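Every chain is named by a letter (A, B, C and D) in the order it is written, and numbering of its residues begins at 1.
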Amino acid sequence: MVQLSARRKAFPLRPHPAHGLNGGLTYTERMRRHFPWITLVSALLLVGMTDINFLSPENLLNLATDIVPLLVMAVGMTLVIYIGSIDLSSQSIANMATVLTTISLPALGVGSGLLVIAAGLLFGAISGVVTARLKVPSFISTLAVGGIALSVGQFASGQQALHMDAEQRKHAFGWIMGTTAGIPHELIVALAIVAVAWFIQNRMTAGRTFKAIGAAEPVVVASGIRVERYKILAFALSGMFAAIAGLMFSVRLSGGSPTLAEGFLLPAIVAVLVGGTPLTGGVGGVTNTLIGTMIVAVVRSSMLYLNIPATGQQIFFGLVLIVAIATTIDRSKLRIVK
Amino acid sequence: ATLGSGVARAAAQNPKIAWSYRDRTNPYWNSIVSGGEAFVRSLGKSTSDLINLINEGSSEKSLSDIKSLLSRYGSEVALAADPNDMPNCRPVVEAVSRAGAYVSTIWNKTDDLHPWDFGDNYVSHMTWSDVGPSEQTARLLFDAMGGKGGVVHLGGIASNNPAIERLEGFKNALKAYPNIEFLAVQAADWDTQKANQVMSGFLTRYGDAIKGVHCASDTMAYGVIEALRAEGIEDMPIVSYDGNPQAVELVTKGKILATVFTNPHWAGGITAALAYYAATGFFKPSAEPKEHREFYGPTTLVTTKDAQVFKTKYIDTNPTYDWKDFWSLGKGQIKYRS
Amino acid sequence: MNQFLAMENFRKWIPLLVLIGLALFFTAVNPNFLSFRNFARIAISASPALMVAVGVTFVILMGSIDLSMEGTVAVCAVLFALMLNALGGSIAGWGWMAIPGTLFVGAILGAINGLIHVQLKIPSFMASLSLGFVGIGLSLLITGGNRIQIEDPIFRSLLTLRIGGFALMSYAALAALLIAWFIQDNTTIGRNFYAIGGGEDLARSSGLNVGKLRITGFVVAGIFFALGAIFAVARLGIAETETGRNFMFVSVTSVVVGGTALRGGSGGVWNTLVGVLIVNVIGNGMVVIGLPDYFQDGVLGLLVIAAVYLSTDRRSLSFVK
Amino acid sequence: MFELQNVEKRYPGVHVLKGVDLKIGDGEIIGLVGENGAGKSTLMKIIYGAVQHDAGNVLVDGVPVHFRTPRDAMQMGVGMVYQEQSLISNLTVMENIFLGFEKPFIRFGAINWKRMSEAARKQLRKVKLDINPATITSRLTFSQRQLVELAKVLALEERVDGKLVILLDEPTSVLSKDEIELLFSLVRELRRRASFIFVSHRLDEIIDLSDRIYVLKDGAVVDVISADEAQIETIQKKMVGREINREYYRENRQIPYNKDDVLLELDHVTVAGRENDVSLKLHAGEVLALVGVEGSGREPILRTIFGMRKPEKGTVSIRGMTVRSFSASQSVSHGVGYIPRERKIEGIASGMNVFENMTLSQMKNYSKGGMLDIAAERELARDWIRRLSIKVASENVDCGNLSGGNQQKVVLAKWRSGGSEIILLDHPTRGLDIGAKEDVYEMVRDMSVDGVGIILVADTLEEAIGLSHTIAVIKDGEIRKWFNCQPGAKPSLYDLIQHMV
């Protein structure tokens, strides 16, 4: 025992890395919550260095407008990730939404939008019921409900790509497509949607409850709140936002197809995570997702500016993602990293 | 809505050439890219001057990437694109026109969208009439089956245009063969693994009743062949589509009866060339007749008889094409069904 | 108490009962389903998926998740094919070295995954998802997007050689499953995975080096992904980036359907076998009964929900994420 | 010889250990006493390598060592039985016993279960526990688990050469009398090999077992007493730092409650998994204490009243109305509030700030049409921060960063401000220091005066006796004895313990 211990050197003692000896949070820890937007600005500047036109207001405006459907979907996804679950059905719901919008446009006009939103709410709520009441993990329940939405989309479309009549589209949704003072209405609509989501999250009992569920579900139960209802609501809202994303995309493309929104899911999840809302929930939120979506947009278009060769784009994306997540997530909020 | 109607403007001196396509994991798109690269080399540029926009099957990414390209290079762009989903073609074309750049598209376009509605900027659209060739392969198949017995069809992603047409051709051929029993059709999404699983399911369902397989693409045929090989079935008549190198190889060996070569190498080159030469002012698209704006690409039936010759000519080497000879390989103006 | 125990034991068997129930249902609709040959077909299509799912099972047992399988399988598949062809093209010659070589590649990729997750303290979901992208990209870079064909008849005998009606591949997969079972139940690392899943802080305070075990788990997963890649190549004779496609959702779904909890600590590789079979039986069965393809995604979804619903003990779950 | 010199430990905002010196001779049994939160567990965890100290030295036989992980400590012969359960419940008993030390049982890469099982049996025999080592740990009772933990530590005996140091953090709190006897005889037997540090809140046990007693107060050693000279009263005085009198529990403020105003009634209520039933009545202004040993079934009763459990039989009525559907939200709407025992799990939502925590159970009162009135929430929080002198910079502070006492005050304020008339207190002073405790006692009296009915599961018997009007002694899920607790006529500890075990 003595020998053993003799070989062991005393180690220099340090306080816990997260806080100084005086107990306050260290500088980096306090800076953490600013990291998402710092990452965004750095990325913008980095790409701007290769071509200053990238930073022109017009280009940034375009970049923001292009990402609108993804942003709307990611905002919905945020609410679900905020309660510590995940929604893998968003893309399929958006797919279904493009089909439903297109086929109901002749009969319902603007009403087709309402129909689609209702359908999104319904499918989201089904995910919620299956998760909260049947206790099927959301990873599975939403994947499964997504499959159902996909079937509905395929069936309703007759497995065809459909296009909207130009006049009907203009009549019903022309207002989304225009611009005012150079700002596309799509962007304004999207920001309004983000604002609504922000309001729900920060100013309404539902949002407060979502946060509490993500932060400490047992506390919410022990506070006498009907957790299941709120969970279902979060999923329903996510489904609704996904449907709106599909609706806006469908109007932009003036058509629908059961595969039209393919490729939305992973970027949307990535946008939420990169923005700094971890899968454990309770932290982050829609403003983070706004930043996260922009980061995704910048990284995507940076490939063009940095001349990343075709076969290297996936690697580039993956590596940038790791760096972005490593800098944006707030580890002090994660007790155990699993 | 006629945009830029014939107003003469300074032609681009040295436009950036870009190809926007689905992915790099599929031999078909690799051939397209090889054609694009061959064209770029013919201009004395390096292959890295061809900008690759890979959309991973996401219309959203397709559109965003193209818009990023346009905002970086403005009107100095000659774009060749497969818009991935039919509805996506319109916003792509509109964005290009707005920027004053030039685009030629292949495959996916809604019927109500025409190059001549966009003046010079929407240079051309090429697609392949798959109905006829698909009918031809089906006839070959039915003949090989001796005009009787059960047949199954494995289709692509059901809402994709080629999938629809290839199924239609197959069904047309059936009419002339009353003793052929059409057992089942199922989408296998252009995917080898999925086709493999679907085929083994068919084997269980229909067993020995299956006497022939009609595949909507080569990639799916590979999966079918392997599913059959697993059962020790080596001589089932199979036909496929696309004329990929591996499939042509299999045709020479008699493993596949016939495939249809759509000459993606040429298509990749000529589509880029059309956009490029329109951009440089080498020709004025709006001065061309309609059959030069919307036309069918070449299809060559490759059967066991001519496979070897075909292989040496088109697969082992690529013929040198004159990239200014735009239309000689085309198969006439696109006809719409309704 | 006894009644409670009986109930608990009963629950353990529910996934298997679901599997049997599904088989009976499909048989009732189309009696062809219940045939030896069809089971052999299901076994072939399930073999690669089983390996991948077994790999991810180890990670899930620890309460983490590994979503890098599509990239890892793609890289392993194309490297396997390249190695095999470079080493003479036949398993009979030096080509067999490609097999351990590929397993090694899988292990390395798993180790990178684990290191990034543990050392950079990035939750495994995000770390492995990102690395999946990198893996897909890497395989693309290696192949330039082309496919590599494997002609070697000896290697392909994994598919073509039948013993007692089943393809050699199915036996190989079964052997790998037995090894996984052995690792899970009879080795220290296997048991320690359960310990971490059962309570990470408790495991740590019992003196386990949790970080190192985590990385080990990802390495083991990587090795099984590599095995999955080899079987996938054997099944189609083609190695390409696409070889990895679809494995992510299918394998995680299989694991959960089999009764292994995503929060870790319960379940195991036999559950995964049942889960993989359930998923493959549904896939095969829907074709066999001739369900229109546009309904298949939806029906798969409903059946998966039903399977998970039946096999979870809701009383023991305070909440589910 | 094991020695700590001047060991320091801080957590954000709290100085947990202040220059602690401690010596353990070979074969010596050290008793460690101190109030809740005095730093006993922290000190033990530092010795065990589970927590790293900020300054000071740990010496083994005069040589400085530093244990970075418990594994380092175990290899040097230091073992610990945790205060909280620390067995991994999905593993078997034998796996738990040898967790991290499976090596001797490995044959050709595989664990030889037979050998491990035999070895485990040997360890279990030491603690006279006759169970199958292959049993899944979650099937064991609390006291069985405690004994397994002990067996796990005793496995060090074979594993390590030389002397052992075994740390026992409140091992007796869940054991029966016989089991405690067994434990003590074991400890005495093992003195040849091992020295012990023994933590307990039962001072008589401490005096009985140990050689020397360290008294810890607010993270500093205030006295070291030889057990021969120790007396309970003096130790208590040292622990608390002043004379303990009846005023501690504010008995002067205890006023009789209104016998006619029944708030809550349980009539032959059977809680799941128990055979016995419980009947009780809670009156306005009454403090009803439930006492019993760990696992006697106090918590399930509280949870049933709060609606988180459904009774199998019997009726619960609140203000004369029978409760039909059981859910926490139902109970809250009937005016029941619950201060759970696991404050960090069910009490405080860390990551949320003070006002968000306070209004969590009563958002209806602070919102209109689903829209929150955040200004009113802040106002409420500021008001209660003032009233309870909660030590926080502002109402915007994340509650996860508050000290335990302040967290507890936030939880109390949450229910109190929501106007709950029936409040269930489960270990409300756990982990609180004296100042905070007194604040809590003061609040209990305030609520009582306001006519709130309180059911208390206290941290200590003294607390139960001091605070309550009525005591129900619970054993095996059944009320065995009622005591009336008028000031001046309170039952003694002994009176209660008699019926508890």
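Keep this in mind: a residue touches a chain if its C-beta (ideal position, glycine included) is under 8 Å from a C-beta of that chain, and two chains touch if they have at least 3 such contacts.
These numbers come from a predicted model, not from an experiment.
Enquirer: Both chain A and chain C are touched by which chains?
Expert: Expected: B, D.
Enquirer: Please indicate which chain is farthest from chain B, where distance is taken between mean Cα coordinates of the chains.
Expert: D
Enquirer: What's the distance between the Cα centroids of chain A and chain B, rounded to whole Å?
Expert: 34
Enquirer: Just how far, in Å, is the C-alpha centre of chain C from the one of chain B?
Expert: 35
Enquirer: Can you work out the whole-Å distance between the CA centroids of chain B and chain D?
Expert: It comes to 71 Å between the two C-alpha centres.
Enquirer: How many Å are there between the centre of chain A and the centre of chain D, using C-alpha atoms for each centre?
Expert: About 42 Å, centre to centre.
Enquirer: Find every residue in chain C that makes contact with two or more other chains and list them.
Expert: Within chain C, the residues that touch at least two other chains are 140, 144-145, 293-294.
Enquirer: Please set out, as single numbers or ranges, the residues of chain B touching at least two other chains.
Expert: 24, 158, 187, in rising order.
Enquirer: When you check chain A against every other chain, which residues touch at least two of them?
Expert: In chain A, residues 154, 159, 218, 221, 258, 311, 313 touch at least two other chains, as defined above.
Enquirer: Kindly provide every pair of chains that touch.
Expert: A-B, A-C, A-D, B-C, C-D
Enquirer: With touch defined as at the start, can you tell me which chain B residues reach chain A in the complex?
Expert: Going through chain B, the ones touching chain A are 24, 33, 48, 51-61, 63-65, 67-69, 71-72, 85-88, 90-91, 108, 110-112, 157-161, 164, 187.
Enquirer: Under the definition above, what is the set of chain C residues touching chain A in their complex?
Expert: 62-65, 71, 116-118, 120-127, 129-138, 140-141, 144-145, 200-201, 249, 252-253, 256-257, 262, 264, 293-302, 304-305, 308-309, 312, 314, 317-321
Enquirer: Give every residue of chain C touching chain B within the complex, in rising order.
Expert: 30, 32-33, 35, 37-38, 41, 44-45, 140, 144-147, 149, 156, 159-160, 162, 167, 232, 235-238, 240-243, 245-246, 283-284, 286-290, 293-294
Enquirer: Mind listing the chain B positions that touch chain C in their complex?
Expert: My answer: residues 23-27, 29-30, 158, 184, 186-187, 191-194, 196-198, 200-205, 207, 222-223, 226-227, 229-232, 246.
Enquirer: Going by the contact rule at the top, pick out the chain A residues touching chain C in the complex.
Expert: Residues 84-86, 88, 92, 130-132, 134-141, 143-152, 154-155, 159, 217-218, 221, 227, 258, 266, 269-270, 273, 278-281, 311-319, 321-322, 325-326, 329, 331, 334, 336-338.
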